[in-house]
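Each of the next two complexes has chain A plus one more chain, namely chain B in the first and chain C in the second.
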Partner chain A sequence: MTRKLCALALSLAMLLSLAGVAGADIPSELPRNETLYFAGQQWGAVLSWNIFGANQNNSLVIGGGAASRVIYFETLYMWNDLDGQLYPLLAQGEPVWNDEGTEITVKINPAAHFNNGEPVTANDVVAVWDAHVKYQTGTGVNGSTYISAVEAIDDGTVVFKAVLNDEGKPINPLELPNQICQLRITSAAWIAALDEKAGGDQDAFKNDPAYDIVASGPYAGSYYTDETKIVLERDDNYWGVALWGKLPAPKYLAHIFYADNAAGRAALEAGEVDVSQQFNSDVEKMWLEKGLPISTYIDEPPYQLGLVQPSAIYNLNIPVLNELAVRKAIAIAVDYDQINANAMTHQSATFEQVPRSLFNTTEGQQAAYDHDAVKDLQWAGKDIEGAKALLDEAGIVDSDGDGWREYNGEKITLNAVCPNGWSDWQASMEVVAATGKEIGVEITTFYPEAAEFYAVFQNPDQTQYAIYMQSIGGSGPTYPWNSIRQAMSGEFVGQQNNGSGNWGQYVNPHVDEIIAAIPQTSDEAELKALYTEAVQIYLTDIPSFQLMYRPSLFHTVNESVWTNYPEQGDEYGYPPNDLTDGYGVGALYELELVNP
Partner chain B sequence: MKGYRKYFLKKLFWFAITLIAAVILNFALPRMMPSDPIATITQRVTEGMNNQNAVMQIYREYARKFGTDQPMWKQFFIYIGNLLKGDMGVSFQQYPRKVSDIVAASVVWTIALQLPAILVGWMIGNLLGALAAYLRKGFDKALVPISLFISGLPAFGLAVTLLVIFGITLKWLPISGGYSYDMLPSFSWRFIKSVIIHYQMPFWSIVLIAIGGQAIGMRSMSIYELNADYVKYSRFLGVKDRKVVGYVFRNAMLPQVTGLALSIGTMIGGALVAETIFSYPGLGSTIMGGITSADYPLISGVTLIITVMVLTMSFAIEMLYGVIDPRVKAAQSE
Partner chain C sequence: MRNTLRQASHSANFMIGFVLIIAILIMVGVYPLFNPGSPLDMIGLGTFFKPGMYISMYDAAETAPSYTLRIDGAAAKRIDAKLPQSDRESMKRWLTAYGVPEDAIDVDDLNDLLNLWHNTYDEDARPAGLTSAFRRSVARIDAALDGLLEPLDVRVYTRDPQSGEMNETARIRDDQFINVSEVVTTRRLWLGTDNFGRDAFKELLAATGVSLKIGLIAGLIATALGLMLGLLSGFVGGLVDDIIMFFANLFTVIPGFVLLILISYSIGQEQRGATVVAAVIGCTSWVWTTRSVRAQTISLRNRDHVNLSRLSGHTLPRILATDILPYIASYVVMALILQICSGILAEAQLSMLGLGPKTTETPTLGLMMFWGMTYAAHQNGAWWAYFPVILMIALVSFSMNLMNTGLDQVFNPQLRS
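And then the complex of A and B:
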């Protein structure tokens, strides 16, 4: 009896401590056949639902880049990573540039309405933008660099006006569609109510948890969240039936907050997770050796769609790294197949499959440059003898016979750095360090905590880290231009707290001219020539070098409950965005139950 | 009574001095880490932003909000001023969440897991240790190596072993969470049953380790006491064995009680291993996240709670010793 009472007390105490936040009456037991479970998108408790907030930690609801998460809040357009196109969501038809190329007009889908039944209008879009600018949110501060104003022409038409340069052209035409496809829409009335409640106080406005925020997405029905999970319920009155022809298949989307990758992986293998946005090492063993109904977007290596390029950045504040021979020797000697095997367990395309440039593995980005023009510059790695010859030729030799080369009379000692606990990155740095040994350059690994790592490498004058990792590239309307900018732009040189690009302080005025020219160039041949030249310079000067390709979102699914997930070459053509982001959300509508 | 009052006041004085030192250290130590938490937050929230000036503006905004742009002495006095009002500040990583809210949301899970596990491990371990010392022979020979083995096992290894055997291979117990992944909290027996089932592996992963350590400690103390002169003398006088054993174990318990008090004092720090391996809710993983991201207010807040609890438990034990063992009070008040 005492034991039972203790158990009851324990359970009640925990129940009270959970004190979840719920919008409505989600059942206490989620029917498995109606629920799609996620892992790897959300870590830790949800902080806020406020799209203007500084730190929502609500990744299942507010996340993604150009391919924005659109299951709760919706954007005007959805980005498709596969074909590099925008698809209308709240919008109707394509965005239309005016003849002067200074503004974009977007029509709102007349069927669109919020979860409170109110229609989505151009005024809502304007109110969202104005609130971002007024309250100086990240979106507002960053976006107003490129967008001067957003105006409603009528209820169904909104115009985005570009910030113009001295020549009367947009300072960056690529940024307008990029901003538009990331703008999450809530209602003007809700914003006005919060505005009044906050009384003009910026922090009060941004820090409001916004439990009652209005949204238009398919899962803006109701929600439950506590310290352990979040559950979104489908809005069965969702307007998008007019767009998609039906409601998305799962009634509930749920995400358990796993402590780490290992716990998330165990749950995936146990069938408690359907969609895993985690790096699951040796993913193929789940189906080949364990016989589990688990699959990835691509059946064979590289299994995932490589959209970003984790790279080794050379710190050019360190004199020896200003020697091109040293940079090139290390880069061509690295065993990239070993990195792919050790760090990515073959979930990266090899550099034989997708030769290095600055662009991701999608057809759209690969078509941006002339492959033949740069093929002599694209090394595949493991060229130890070539690396040694380069160093010998540059006079960087081992003169005292200790096995290590010297530079200006001193033994070369470099470190290879990435944050502690980022196991795939650490495995890459180990391979880079091992390469050093083979060519007589001492490279030691160092793994500080992430907070220390960011503090050091974002200082433009730092000399503590010699070779360190950062990701270059991505997917969205500003890519692949943005990849070139991240890798080589002079605008970042000398910038404090620089998390945006060119962390190694590479200077090349000609590259800056190319970076300035690309957004203003519409002629395709000219554009291709510019991209090709940028790649040539990158592969010649080697301010950094790619170590692998990596997806923006890992996409591994368990098909024990749901099936018909996106697969490469299938009839639907949805990108592997975990069924939540950009155009990939369409896959939610095609899911089928294994046992209906 | 006068002697006890002097003893109490002396202990209280040192308690206060230690607390002041601890508050200073709790503030200073996290800030001595070679980190910039603002850079970490800015990196996270500006992902995808292309304008470095905008990124810098956001960095400065966070620095202003969190007061890290102020001189250290000023930050310290703001911290002390807030503490006196019962405000441990706002977490950097979980901004705008207050440290007190973060602790409140997780602490019940931590206490519910740690307190019973510490008490059960302590009781079973001491009982086994005392029995081994008293019974000797086969029981002792079996208990010592088993206890040494279990207490020597890394907590991580034991937890993973339990997970693999009972969770993944036998599928007897759930592998993660505080309650079933397909449930929402409710006042139902199914939910309560789910909580109890999910409790088992994290609980026993802590208890088993505790039993081994406690048993070894208690056995050593008991053997020492059993060979003490007063035991031999009592037996020589013909005092009943039961009575003698009672005294022996009461004396042997004293250091064990201190150990128990300190364990309870530090339990708020959370069972990091159990929480991580079994994705069990609690403060341990929250604190770990705070440390890796240099979340000064969270680290300072939680370490302050731990400090106060340890000091309070130590103080309580000292007071208790003064009552149950007059030798301690006599020695201390001289």
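And then the complex of A and C:
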């Protein structure tokens, strides 16, 4: 009898371990005509649903930057990468600045309610902000530097107040709109319950898996997740019908956890995946050679919207890289066309199309600086003779005839580093390394695991990595100002665990003045002059250099089941954000079945 | 020695394997003489160019004399290539969705179809039921239709550097041909290019050379270690035997490849040159050679000539070198061949996992596979980026195994006919 009981208990335990975490009954076989399948957003099992946690590994639900992922949790506003505007989601109408420019007032949409039926109120927004600050989350720590308080005026009105400097002006007014499009809202009651359960313990609060968290999004109806997939079910009682006029088309959003890019790509080509966030090399071959019903946002190269700039960062802790001649020689000698054609397989705008600055390819950011004023500083690349001449002039020559140049009597040996498995980045580093050979500077590639990579380069004193890749720039209310900050700000110099910017430890007090001045400047001409000067300094001092333009989300779709996805120049104007992020979520409402 | 070689040369298996490996070595050694330069030069802007002869369009248009050849069917061939039947069906599908009655569309009458198309097609229209991918494919067909039936001359203009004016320098008719041998710049890419735009054939041969070198170094190290430990263990016995066999058993229990992965990972990529990788492979694959040599040594150590040598006061190294080694030399050579082969395979496996030699310094067969897979060559139909590599690994392994089998037939008394 005891043996039988043990066997039963063991079987039960095994069953429980195999079973996923589910909020309600979701069919095990999802109806294909009601399900939109994703790839490339989520790798591995979901850990948590807690918006205050540090490592949820729940990218289909919690992700995005200024264009926040809003299919499950919602934000007050949605950021549109295409026009750089905020669109109301939980909010109603535009955010209103006070006359002094120190506060921003947001009205809550009275129709908005959570999936438990409770209305979304200003108190919920306040509770979320306060919890972030109290429990020292990343949002709380970074945000409270610029936002002094979030207060409810009444149930439907909330005010974001800026931290002021000695002159009574906000330290950084850009951070206020930045928060209202990124702050995910859950209910104050749920936070209070978790607060009580955690008993004030910060780790207990952040590490709670929050399976019962309350949300207001269109797919907060129910969910299922296990080791292989995550499925979100549409909330048919979603309040947003009042906003969008209808429910989003798919009843289910599903993401299979593919083992690698190859598996995800095969599923996309087979029509098992509808929306792919993966980097699919030679993506055009899918439709040009294989004739598959697959397309990207743009039909011609660069196929995707280039929002970030993966760059090569110079580690200035390494003496030879303090030589401007060496930094410039490598930067002008790199063959960027090769990186675009072979590493990115033409999924990046070329530097001929969008000349290098510090800003992404969108019209808004390109208009921020005076192109003519920096024209003479921009380089096209593959200037091997120019690079050699620079090094020769600086006295960095090959004196022992071994084919490699020496610095202070020692052969220059540098490494070019990026995380292992990031194929387009690795291929870019190969091209940079090949450049070294041509100008007599030995550069070898090195691909540590991602965790090790981040641990090393976020250490301000490290000398292990000489040239390493990191993305600069992005899209959101703080950009393009934030691009300058990420590339050159002195605030990050010497900072431990620095994940935010200036990883190479570049010091220039004048740049810091420009960074401080831009958020305080409203005059457009003055602003343009500041941005232009920052770009001039960046292209002159070269603390890092852009290698390519890259989308923040790859957006490739298969129209075997669903159609009417966003495409450049269409009537809807939704950005190519995989139908999940910021204003791009609107595309979910326009999807149609190919065979209704 | 001469007798041994003569015996081996009588084995068909050995000779086939030997000829194959020599042929590979000759190709590896000779091809760079005809196609000099680094095999890692990135010459192609783009991934996986198809195998074939590449002719400079610039030189063809500018310098080569042209010949007029009136070839029947050339126009029809061009039309078929530009507008195959599948494209005509796509046009019909678009026209039908746009509202043209199906029976008014004849895809076999090209004139009619094109007339209808030119009068109807609107690139900005979004007929119901058509996907974006389909509409875009039809737009590409439309762009290819210009001058399809009545080909226009292709005109080449160059800009006058002084005046900046554009002057027509060539006009190319559809019956003009060039002789490929007269074009100044051509490049035969036997196996196309890889994802970095490198000449894949040149890279393959260079990688084969490096992989053979890695295999040879790994094989020599593994065989030397195995031989030395096996001789000591088998001949000395006692505590020495116990200690050596303890480690041998330990290495037998731990899967060799796992050990290889762990060591390769821990020494770090920066230290992993081709020689270091070869040494790591060699140091982790000595076990079976040790066990076999030990077994053979035990069977030899009490032979009369060994006892005689021992009684004569010969030193241990001398006894091992002169009285034991010659009797197991044939086995050791066979083991070396297999170790070289498995060294090549181990490098390929390691590189596939990204744990092979540093990528920028040397091409290896495993690295070619690694990058081919990373850039989805197998999913893009770029067989030339990975299949020849597999074939080369198979050929090298096959030829070495054949040599080994041949030698076995010669030296193994049980198999000797």
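By our rule, the second predicted complex is superposed on the first by the 579 of 596 C-alpha atoms of A that agree within 3 Å, B and C clash if a C-alpha of one lies under 4 Å from a C-alpha of the other, contacts with A are read in each partner's own complex, and residues count from 1 in each chain.
Keep in mind that, in the parts below, a contact is a pair of C-beta atoms (placed from the backbone, for glycine too) under 8 Å apart; a residue touches a chain by one contact, two chains touch by 3 or more.
This structure is a prediction, so every number in the text was calculated from the model and none was measured.
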Would you sort A:T228 into first (chain B), second (chain C), both or neither based on which partner it touches? first
Which of the two partners, first being chain B and second being chain C, lies in contact with A:E289: first, second, both, or neither? second
First, second, both or neither for A:G395, with chain B first and chain C second: neither
Once the shared chain is lined up, is A:T445 touching chain B (first), chain C (second), both, or neither of them? second
Tell me which of chain B and chain C touches more residues of chain A. B
Report for A:A266: first if it touches chain B alone, second if chain C alone, otherwise both or neither. both
For A:E175, decide between first (touching chain B), second (touching chain C), both and neither. first
Could you tell me if A:N55 is touching chain B, chain C, both of them or neither one (first, second, both, neither)? first
Going by the contact definition given at the top, which residues of chain A touch chain B in one complex and chain C in the other? 262, 266, 269, 420-421, 448
Would you mind writing out the residues of chain B in touch with chain A in their complex? 33-37, 39-43, 45-59, 61-62, 65, 93-97, 104-109, 112, 163, 167-168, 175-179, 181-188, 190-192, 195-196, 199, 275-281, 285-286, 289, 291-294
Complex interface listing, chain A residues touching chain C: 261-262, 265-266, 269, 280-282, 285, 287-289, 291-295, 299, 335, 337-338, 341-342, 345-346, 415, 420-421, 423, 426-427, 430-431, 433-434, 437, 443-448, 559, 563-565, 567, 594
Can you list the chain C residues touching chain A in their complex? 40, 42, 44-48, 86, 129, 131-134, 136-137, 139-140, 195-197, 269-270, 354, 358-361, 371, 373-376, 378-381
For chain A, which residues count as touching chain B in their complex? 7-8, 10-20, 26-30, 32, 35, 37, 44-45, 47-48, 54-55, 57, 65-66, 136, 138, 141-142, 145-146, 175, 178, 182, 203, 207, 224, 226-229, 231, 254, 256-260, 262-263, 266-267, 269-270, 272, 420-421, 448-452, 454-456, 458, 474, 476, 478, 482, 485, 491-492, 495-501
